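All chains are identified by letter, namely A, B, C, D, E and F, in their written order; residue positions are counted from 1 within each chain.
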């Protein structure tokens, strides 16, 4: 059996967003997205769980140092998104609707380039306690 | 890598049940199931997490609209089981012991026929915070 | 300022119940209590928080030994109500509707006679994560 | 001893806001409020706990019907604030900074006029899991 | 009615401790405190909730700036106790048994001298999810 | 599709530990492990989730009796580690750094020999709410 272990680090950020497809008119956006498309935005306390899989280093007993994983997540995700308007204050969602599905994919790509390629990565994002997503599935 | 994303929706319902095998006498039921077999029933706040896996629609950014997933879950699960006695008030457990394992399988089948076949489905059911099950494993 | 400290111990039990006023007919019970009055019962994972207030003993540093408080709660509450039908399996609700308000009052009285009179007592009962009660207020 | 019992009902809503004092310039707002003053807003999943204190009705065993309390909270709070921008989409914060302290006071006043005057009312509002407020103290 | 509002800030720290009365022999310590008196220590993830009560400042809408309250708590509590052995690494418990009751009193005194005297202070400390204390009661 | 169902049982224990590599000097330990290497130890409330996968027994509806799974976990894990110093009071970490990664692997091996080989096993261990691990990945 594989000796691989998964380690998980939880972080959070608060952001505003609006679910809005710019190629549709306001009426269609309202019909499809309902109150989530409110023109003046609404917001969430996003909870983020970063999962990294690999074999522990025999000298440290760590798959990855959680402190390092926390720093990477802060630099790549929290500094970009915390207390921001995802539609207006970031470049990542200028051409991409900030649904939970698209946010989690963007976060995965931001973290992937900072995590050692020999380690597997998966990201879970809670938009609310009742609605959450995971990538890759 | 697959572009598949998992989306999760959490719902809950309250129900009474009794763990009881009708082909056994009361003594054997008590010996095997203990206080869970109390003839006058006991109950739980069941927490349900429905997981749906697929690729997001490019127009909406959704794998499945969470509002739609919530409505399907209410119609197929909550309207049938919420504030009910699983042994007496439903047809699903007339020939099936309402263990968490069997309840989660029944819920999976009820939801499966309402979810687009191209989407994968998995269901997690918490009987208490400390005891929970998932199907398929 | 008072040197009084509050200590809290959390326990839980699972039970079935039905909200039903026997002096009313079924129609009025259904009209007032809705699905909570389902004749075949429903159930909950009740979470109980027992609060005891007093001055810590200088020799032990304890207001009350949490292990002792846990044992008292098990003997007075869990052994009577866990995995039971509150309407049928207990004497406490033969003349009292098992609403959260009435259950918490009964639990308070059961614990009050076991806790040193010089200590104050308050009980909080969660019927669900969203509905809970506290006595005395 | 008083026979008063407290009942609690938890609800939630998602909203955007900005902490901003219009009598100050942007520089002072940024100095005092930091990233909470981001001009394009940020947001939260607000959790609301409404506490009502009184004596239970002997016929129903209820201090207040939780279903009624939930409806009042939805009508007075959720319909006004859920998926809204508190600064732009409501009249309540046109002259009032939407800090958690001010939001909880506004919610208290909205609910107070709908709850029977013989019942006491207190409101707790979670802005995040780590920051929350209660009124009256 | 008072215009006072309570604000709460949650922090956490991890520490080792041993419940031990040095004026007793090991046998009596073991008899009274059980496994909590293990000579080689055990530990907890302590969750701390600091409650401050006062009237909001009309210019900021804040009773106390949560960021400031967080900094004070870090300086007075986390820097002293986080990842420490309460019995060996601190001066506060050299003559005081580190029960939850005594820890919460020490934390209260550390914070009290840093919080404006016109504001009321109360501290809640979770030793585990099931055992917690509050001071003053 | 497989008829396999996963069942989960959550338990917890409190322990002290120190992250320390005995082949390094104190300076290198401090540089690599930071405050986690404090010589006098610190501690955690460890939360453990044991996952067992298999097909339910047609007579009981159980994959494994949760009461049995709880007893096995208590005997193999809690009796060995609860209220202990992992470095000093156990043999399992005399030659192994008690990182979360190594603790979860040790717990897996302890449970594996007690669980029927036809059942799959996976263990998740929370060191804090924000840091957790899973084995096998």
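The definition used in the following text is that a contact is a pair of C-beta atoms (placed from the backbone, for glycine too) under 8 Å apart; a residue touches a chain by one contact, two chains touch by 3 or more.
Because the structure is predicted, anything quoted here is derived from the model rather than measured.
Number of steps on the shortest path from subunit A to subunit E, with steps defined by chain touch: 2. Both subunit A and subunit C are touched by B, D.
For the pairs E-F and B-F, the larger set of C-beta contacts lies at E-F. Annotation: 41 Å between the Cα-based centres of subunit D and subunit F. With each centre defined as the average position of its C-alpha atoms, the distance from subunit A to subunit D rounds to 28 Å.
Centroids built from CA atoms put subunit D at 34 Å from subunit B. Shared contact sites, meaning residues of subunit D that touch two or more other chains, fall at 129. Chains that are in contact with each other form these pairs: A-B, A-D, A-F, B-C, B-F, C-D, C-E, D-E, E-F.
Here subunit E touches subunit C in the complex through residues 19, 21, 32-34, 96-102, 104-105, 129-137, going by the rule given at the top. Those residues of subunit D that touch subunit A in the complex are listed here as 12, 14-17, 35-36, 38, 40-45, 82-85, 88-89, 128-129. Contacts from subunit C toward subunit E in the complex involve residues 1-11, 53, 56, 59-63, 66-67, 120.
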